[in-house]
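The same subunit A turns up in both complexes below, where it pairs with subunit B and then with subunit C.
Right, the complex of A and B next:
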């Protein structure tokens, strides 16, 4: 079975919220929309957002690292929001593993919001039905779009290409390769929900520089021991640079 | 001695009460229209607190409904003679409480207009679906139970139907408790004890409701209730209140023992602000310990005001308990990054705030009004209330003494 998902590289996510805004823009205008906004322009916007960036710090001040963690519906392979839905409005598609809500069947009981351990369920307070990330299903199969754009809106918007989209059941997909080769992990796997979305961990890139790399060990002037200590005279470096 | 059941007289007082309750229902409906027309953003509910004050009332009434049937069950299932005359009111109140609770629940749905979808499209993996079946089944079974009690030709079946109703009510409250007990995602729930705790809560709330309705109707209609009946019901209420305390204690001790749950326990028991206050002051002290004192203190023996106060306080404590379970559990943030303090511009990782609006309260009160209006109309139309519950009728010792005198 195909399982479409996102793999998010926390190493390069800078927390710019481009994924949040592009998601909101696309989905409020698309089939999932309009998405309700109660207070969109203040410091703490309230309303319906399918994608949110959460931030936490690792370590103790002042030695801390900030991690930005974009989170949307994780399209779990065993989604706890689906069995709790009394009318079956929440469902998981067999063909691509996307978890969706049938707005016409949703009675707005909000019980799925209680059941989702990731807080990915959103009540549209105006339409009074539950909504969530659709993985931009209305883009993925839209033949009128160029193939390169048949991806979730957040993936296209990410300036650092932190979001990789693909079928995680296809071992050759970019998403699967990223998970396999770069230590991809799931959020809270202990719940047994098997989230399809994965995260690539932060990786510290360290550059080791030895002292002899800071001086020109192959400096011919030095080699021949012509110069002793700094000299105000013109040397070979002055000629070269 | 044979019990005589009569309708209450519908004088001026009766019609005034009906008018008041109808007014409350009209205001509740107006509040519902306001919330549904504008959307839930005009309420205190949001993406974090998705069930608010109306659900507190709804669950409180639904839990009390199954408990109100207990008085009838003690008569028919356990064969206690004294409770048999009390049974029709018990069954009526159970139905009325459930209808009141369900009315609030349904009108607080995002899309109450899609009730037909909920009634026709079932997902049997959902405990909610099972609750839809359990609630409707309860109304049907208790309706039949009431019929077997009121219709002489059906009297012979009432014990059997009573047993079915008793089993059904236990399953029903187990279902209501399991709405929370089966929730793994939230720290406050995911506990099997919630189902039996809800059953015991229903015993307590239901009996408190029953006592208040009984005392009020007999007082207002000038009928007599003897101390024999009241003392029995009072002792029973004491046992139920103490049992709820016991379950609450076990629930919290179990959670405190598991490191995973200590966060939510500290939140509810120590530093949860309004939730801590409601838990200790209203649920434990005002709603449990004070009623126990009023019930068991020798000074208050035979004191009807004390009994009335105890029942009112039990209901107040019960409402606070449901509020703490429901809203407190949602206010405590989801733990997605254990050990870290999470922040975002979308209120993630913080204790969620909830301030109920007037409209939500009005919808909740509407449920209570529906319950009371149903009871009032039914006892005026049907022979549900015994003409007298005086000691000389109810107390077997008094009866024997009277016969000996003759």
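Right, the complex of A and C next:
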């Protein structure tokens, strides 16, 4: 079974919101109709987004770290939002594990959004149906796009490659490898929802340089080999010219 | 959670309607075994009509909660997994059964089968089936909330017990008020039950309030973003003008207002109606019973508001600071 997902690297996310805007742009222009904004040009602009980037400060000043935290539907493997839907509008695709809402069936009762512990669903106040991240399902299988672009819009937009897309049930996918080798974890594991999306933790980036590394013979730049002045020793050139 | 008026009215109105039916049927079945005086058929027929009107009013209120009420019929499809779907099926079923029961009374239907007069057997059987459906409806309505496991204020059997007892108490009180006009000899019977049920509901609702006050949240900011550190503060929630996440899941009332509503709910739903019913019954004052009915319904509106407002959704952890 396939379970498509995102792995988000909190170690490199710089909180630029490029994923937020590219998500909004792609998903407001698709066949499902616009993702509405309410009062976009007024005092309190608000609207429906699939993806948000939040910022947290860890520690006490001055010893603090800033963590930017992109947040969208995690396409849970055991999604509590699906069984509660009275109409069957919310469903999880068997073939790739994406959790979707059928906007033509949804009655806008909001029950699914109550049943998502992550607050990943947002109602569209104008279409009056529930909306959430689709993992850009309308890109993933679009044969008219070049293969390299058959990825979620946010993944393509991220300037730091903080978003890794792939099948987490395929042990060899980039996503699975990142989870396995870089300590990928799930959000709120206490509810047993088994989020498919994972997050990679912050890491300390330290550079250890030993003295022998600077002077070793295979130093690629030969930096330490530069001679101070011209040599007076007779060399092969003196004989040739 | 943000308490939605539509759902507050839906749950309180159908709760009272269901309770009234249980009261009527209790009256009918007690009379059948001669514990209390028998009533005219019209008493039950008109009572059934009131039940029906309450259920319809609740249904109408619920439509205001939907984005697309014209598609509401689709909500009957997922009864295997969704309590909401189950409620959507049982509510019209209860309406149908109550309508049949009332019509049978209205027509004083008395068919003969194999030379035997069926008479009250028909309405009694129909009433028993309807009562079972009424209980199922209480369970379905309450389970909509109690089945969301991470809304821990709701995820408790107390939710089901409270919805049932509160609905039954208001329904029996309504029956008492109805009896003051049309069946004076039942006032004490219904009034007594209304008091017992109100007392029981007072007890179980208080138990739920105590439970809520002692709940420790399971999700923390640490588990929400997966960072192991004791000092984490949100600096931005990703937008400044608010979103569905900030509107739907927060009640937006101050602590003061919340406490005020809690006390209003407790006083108006329990002790005050109890006193009013008691005085109303002992002084034969129909006015007091009617006042008790309205006081308790008002209390129930506050009680339901509190029920929603107290539920603390784990998603709120992500929406603490605008920026």
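Just so it is clear, the second predicted complex is superposed on the first by the 199 of 241 C-alpha atoms of A that agree within 3 Å, B and C clash if a C-alpha of one lies under 4 Å from a C-alpha of the other, contacts with A are read in each partner's own complex, and residues count from 1 in each chain.
By our rule, contacts are C-beta pairs under 8 Å (C-beta built on N, C-alpha and C of every residue); 3 or more make two chains touch, one makes a residue touch a chain.
Treat the numbers as computed from the prediction; the structure is a model and nothing was measured.
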| item | value |
| --- | --- |
| Simultaneous placement of subunit C and subunit B on subunit A, clash or fit | clash |
| Partner chain in contact with A:14 - subunit B first, subunit C second, else both or neither | neither |
| Touched partner set for A:185, first subunit B, second subunit C, both or neither | second |
| Touched partner set for A:36, first subunit B, second subunit C, both or neither | first |
| Contacts of A:66 with subunit B and subunit C, given as first, second, both or neither | second |
| First (subunit B), second (subunit C), both or neither touched by A:202 | second |
| First, second, both or neither for A:123, with subunit B first and subunit C second | both |
| Subunit B or subunit C, by number of subunit A residues touched | C |
| Interface residues of subunit A shared between complexes with subunit B and subunit C | 17, 43-46, 48-49, 52-58, 69, 71, 80, 83-88, 105-111, 113-119, 122-123, 125, 127-129, 187-188, 191 |
| Residue numbers on subunit B that touch subunit A, as the complex places them | 36, 39-41, 45-47, 50-51, 109-112, 114-115, 117-118, 121-123, 125-129, 132, 179, 183-186, 330, 334, 336-337, 340-349 |
| Of subunit A, residues touching subunit C in the complex | 10, 17, 20, 39, 43-49, 52-60, 66-67, 69, 71, 80, 83-89, 105-111, 113-119, 121-123, 125, 127-129, 185-191, 199, 201-202 |
| Of all residues in subunit A, those that touch subunit B in their complex | 17, 36, 38, 43-46, 48-49, 52-58, 69, 71, 80, 83-88, 105-111, 113-119, 122-123, 125-130, 187-188, 191 |
| Residue ranges of subunit C in contact with subunit A within the complex | 1, 65-69, 71-72, 74-78, 81-85, 88, 144, 147-151, 218-219, 221, 223-227, 229, 231-245, 248-249, 313-316, 318-319, 323 |
